[in-house]
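Below is one structure, written out as structure tokens; the observations come after it.
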Amino acid sequence: MDIFLQLLLSGLLLGGVYGLLSLGLTLVFGVTRIVNFAHGEFVMLGMYLTYFLWQLGFDPYLAAPVVFFACFAVGVVTQHLLLRKTLTMPHLVQVFVTLGISVVMQAGAQLLFTSNFYFVRPSYGNAMVEIGNIRLPLTTIIAAVLALIGTALVHLFLKKTHTGAAIRATAQDPYAANVVGIEIKTVYAVTFGVGIGCAGLAGALLAPIYPVYPTVGLAYSLISFVVVVLGGLGSLPGALIGGLVVGLLETFSAYYISPEAKEATYFTIFIIVLLLRPAGLLGLRGSETMGANH
Amino acid sequence: MNTNTISTRIQPSLQAASLGRTVTLWVIIVGALYITASRLTDEHLVDLMFQIMLAASLAGAWNIVGGFGGQIALGHAAFFGIGAYTSTILFQHYHLTPWIGMLAGALFAALLATLIGAVTLRLRGPFFAMTTVAFTELVRIIVKNWDSLTGGTRGLWIPWEPNPWNFSFSDRNSYLLVAVTLAVLVFSTTAIMAKTKLGFLLNALREDADAARSVGVKATRARLISFAISAAFVALGGTLYAQYSLSIDPTSVLSFDISIQMALMSAVGGLGTVIGPALGAIAAVTSSSLLRGWFGGELGALHLLLYGVLFILVMLYARGGLLGMAINVKKRLTRRFGQGQSDV
Amino acid sequence: MEIDRRTLLQAAGLTLGAAALGAPALAQSSREPLRIGMLFPRTGDLALLGIAQANGALIAIDMANDAGGINGRKIEVVNADAPTPNAAVSEATRLISSENVKILVGSYASAIASSVVGVAERSDIIHWEVGAIADSLTQRGFKNVFRTCATAGQTGQVGFDFALNYLFPKLSLTEKTAKIALVHEDSEFGSTVAKSLTARANELGLSFATYAYAKDTNDLSPVVLKVRDAGTDVLLSVQYINDAVLFWRQARQLGLNVKAHIGLGAGHFQDSFPKAVGADADGVFISGPPLDLNPAGLTSEGAALAEQFYSRYQKKFGEKASSVAMLGFAGTIMLTHFVLPNVKDPDSSEAIRAAALAVDKPVGSTPAGWGVKFNPPGPNGGQNERSFWIIRQWQSGVLQTIYPEQLAAVKPIMLPLPEWANR
Amino acid sequence: MDQVLLQINDLHVAYGELRVLQGVSLQVKAGELVSLLGGNGSGKSTTQKTILGFVRPTSGQILFEGERLDTLSIPEIIRKGITMVPEGRRVFPFMAVRENLLLGAWVRRNERAELKHDLERVLELFPILRTRLNQLAGSMSGGEQQIVAMARALMMRPKLVLMDEPTMGLAPKLVDEVLELIQTVNRNGIAVLLVEQNARTALGFTDRAYVLERGRLVIEGPSKDLLTNERVRSAYLGELSQA
């Protein structure tokens, strides 16, 4: 029973981390329809920033808001310089431009920081929360909890602010948004900024848990794609649910089937879910043929 | 849809003349390729040309689904790997010549593609892309774990015992000739496809999915057929790669990167055009080879950085890829030339 | 000392030879540098260690050139980047046909090496492998492949020998009662080592539990829990950096207490390990490439080379040489120091092959503690049969050599490993 | 009522090399109901999009109450008093009706008290929406969505509403309802520039009409005159199925 609970909680925490990783990706897609293949690289950027801030004496969790705003700025600039032009181009072009960005960021990271592994090790890095025989690492708990809070905040931002309303309107119908006077170029830039900010934030929260190195992004991109498509591309709660599903699948299949089987398990489940519910678990039906909505 | 109707309207009048010219041009290019392939002596150049031909075949094959069909398939590495593994396994276990193994691999890939195509028919854009990625991951995981058949992560080696019957040559030029043949096959198929109903249906599917859906069964069939053809060609390339490199393992023939490369080259060259992917392959292979050669890895990732930047620039500023750029330049030149004439 | 004498002899031999064979032809070729291709992954995932290994190899070349070159011919290095197997094939071909190199030195990673050897074999060029450890590399019957370092399979051997002969007595364990667990990532490297361990265990009549996983995983708690709940005494692990760090952290978090932990993979023997887990690294044994050996266990020639290597590396790259760099150096010095000086015509692969097969140096002749004796063509042809892995232990953030005992510099600490609660 | 609201002079618009509008001049007076007719690709929608600022003219002038519009951004133009009911209704499907309406006044989003008042006014005009304020717009029927789209356009208290094919795709019974609503809007003193393919419908209830052919104005005049015009009869009324 202890083992089961331990696995359950570990899985939920891992799922929370995955949800956090995927938040920015799903937001950017939901609004701009851009599948950001450089998502993992922006997470990497967040991790590097956190590392260097930590080197300067910042606690990683104090660094996190700084990283969020720095990445927000990077996102806005990237959108303005590169992606704005692609809005009128075929969808494929956008995919490819983000792929190009990921190549450039990986290579740039390697030139600037070498291929060394960097580790952020705060004093509480090994702190545990113990409930009976169940032990959970503090850093992962914080990441998972902040994933929840982050999702809720982004959700509130979208629901309760004027900018949020503009973002949702643009996501649902960019032409109509334009007709009512919403500057959709600004909306895209802000959305991309928030999405990249979330990616950077995820990086900051992951930095005390995982090492950072130039190619760390690919794994994060792949996992967030699985999570996001599973949960429903473009749906914020979907990213969280998708993350939890993948996290639980991972820990349980690793323990009860075989550690080697976990990728096979979640890719199989992934395909099955997509076949039965093509829009993902929380995606709106039919959205797989056009993208998704909130 | 508009452009389609225009082009189909224009075609009949031009068809006879342009068809003749196209065929002549094609014969000349193919002839030149074969002569170069058999005469080239510099091994590095032979290798470079081989890489280009293989890359062009793969990009051209991907283009059938990704360019003409407009479906972002990011799992073609699966077919590449299936081709490489099928022929190699058949050779090692049953001593079946890779020439036949190659066809078996292509058939296997085509069948699987039809199956995947059938179940993912409803999916579009990122959903389709992710399903193909997941499918490739599954293939990779199966290959990795089926040790007795596939050699697991260690992979399989192909002994180098030159014997043309066993698809093993003492000189590189022979491999190159096979690669040229594959490329000719791929691009002839795409050229023919572009002129036929299949190409038209795919185009329609890409341009206006809803309208094409009303075409119904035919559209579905067109998509499945194109997916199968594309997969089969990529599988042929897989066997060729295996025979040339003499060793295959899950990382070298089943990685995500391979799927991406096919798509990137196709996009750089010009999506949905016949010769675009070939241009993309030439540009990608030579530039990465040159950049790597110039910097020799001494500046770490600089060549990757430049490659990435160049790629983004082409995507952003050359509409329709390199081919589109070339056509634009030609148009501008002829216009200027034409104006000059009228002035004089 | 040895070196000076050798160089003198070589110089003398060269003059005599030139006089005997007719000066013009030889003089011309001796002015031309000897081109060696250095093919390592310098970008991508493998870059970190690939570059370190290339740097080690470069020191060997520097030493040869500073001593006047090979029989009067300077060595010219042509660098190439081989981040992936596909790129490796292209780059190897380019080095051979465009850059005209006669020998390829490489390539750190087995995946890279296994595609390069095909090219080398076809072009009849020597491939001198200094770092890739996949056993298969020398099992394909290629006549042009030489490998200086030990193989993945040997890791298992030394791991078990160390556990049985050295650890068990000290931990009061017996073959019957000891609970051993093997945790490994499932790429080629991990699975090969795991296979060799299983084979060795069968020979010894031992049984143990095996847990495999994919190396880019984000969570190893299920594995840690299984190992923990099995009551494991001795843990053998084959891991890369990422998963090694993750595993050991989660071992602390979930209270996995073992009496000894031997890391058999790349993950444990690099500085990143103590950097990531801090003092928790202390007490962990690693099996891997040799470094910082007790000079008493080396021949005088080996000790002199070792000293030169460490000081030159420190000077040139501003950091202490790592064991991966040592692999690069030890392998390349075999080529430049023991093989090439005896080759009349370094442009002929046949001549290099013959000279390489003729070398017979006892254990301890190289800075890595290894000897040099390549297997003749046939099964495992071209493999240096006198190379081996050694066991070291993290002590206060530094790796110290423990085993084999004649090369040991210090005594082991923390036997058995204290429980996490007491650390 | 005779005051000129919108004056377009010699408007040229091109998409790249494709010339869409070639010298269009028209005017809409305050409170007038004007229709803009023409076949597919004749430039009707482009004219509307140019007025709202989506498309920049290559030459020509657009004046609204005597001020130049053609250099302003869309929000600025909306602020001047022009809004649009786009083709295909284009409501925000996953938002409630209330939110759809409020977004209609996006440009004045910070004037909270005013917005409440405007919402009330619009609901008086379209009472059917009052009970459905919390319904998702995407779940409504085509006719209802058309009403939402019109209501949304009125939230800015516009002087001129551009309507792009409001009856397209609606059942004949609904078409009449929608036309009635347009007249209701118009009776409130709001000028309407209506783009229609169905010439008979449009001419039947507008004051004046313009006919575009391949980017040029070919006929203009009071609607009832056009109904009897030979050219209009043969080209637009005789063969209604032509599209």
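Every chain is named by a letter (A, B, C and D) in the order it is written, and numbering of its residues begins at 1.
Simple rule for what comes next: a residue touches a chain if its C-beta (ideal position, glycine included) is under 8 Å from a C-beta of that chain, and two chains touch if they have at least 3 such contacts.
A quick note: this is a predicted structure, and the numbers were derived from the prediction, not measured.
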Discussion item. Taking touch as defined above, what minimum step count separates chain C and chain D?
Written reply: 2
Practice prompt. Sort out for me whether A-C or A-D is joined by the greater number of C-beta contact pairs.
Written response: A-C
Worksheet item: What is the chain whose Cα centre is as far as it gets from that of chain A?
Response: D
Practice prompt. Would you kindly tell me how far, in whole Å, the mean C-alpha position of chain D lies from that of chain B?
Written response: 49
Fill in: Euclidean distance of C-alpha centroids - chain A vs chain C, Å
39
Worksheet item: Using mean CA coordinates as chain centres, what's the chain A-chain B distance in Å?
Response: 32
Worksheet item: Residues of chain D touching 2+ other chains?
Response: none
Discussion item. Give the residues of chain C touching no fewer than two other chains, as numbers and ranges.
Written reply: 43, 47, 51, 186
Worksheet item: Taking each residue of chain B in turn, which ones touch at least two of the other chains?
Response: 300-301, 304
Worksheet, complete the sentence: Full set of chain pairs in contact is A-B, A-C, A-D, B-C
Worksheet entry | Interface residues, chain D side, partner chain A - complex | 52, 54, 73-75, 78-79, 83-84, 86, 90-95, 99, 102-104, 106-107, 109-110, 152
Worksheet item: What residues of chain A sit close enough to touch chain B in their complex?
Response: 29, 35, 82, 85-86, 89-93, 95-97, 99-101, 103-104, 106-108, 110-111, 114, 214, 218, 222, 225-226, 229, 233, 260, 263-264, 267-268, 270-271, 274-275, 278-279, 288-291
Discussion item. Applying the document's contact rule, which stretches of chain A touch chain D when the two form their complex?
Written reply: 162, 165-166, 168-169, 172-173, 175-183, 284, 293-294
Practice prompt. Spell out the residues on chain C that touch chain A in their complex, using ranges where they run on.
Written response: 43-45, 47-48, 51, 186, 211-214, 216-223, 225-226, 229, 241-242, 245-246, 249-250, 252-255, 272, 275-276, 278, 280
Worksheet item: Which residues of chain C touch chain B in their complex?
Response: 40, 42-43, 47, 51, 78-82, 84-87, 89-91, 93-94, 96-98, 111, 114-115, 118, 121-123, 134, 136, 140-142, 186-188, 191-192
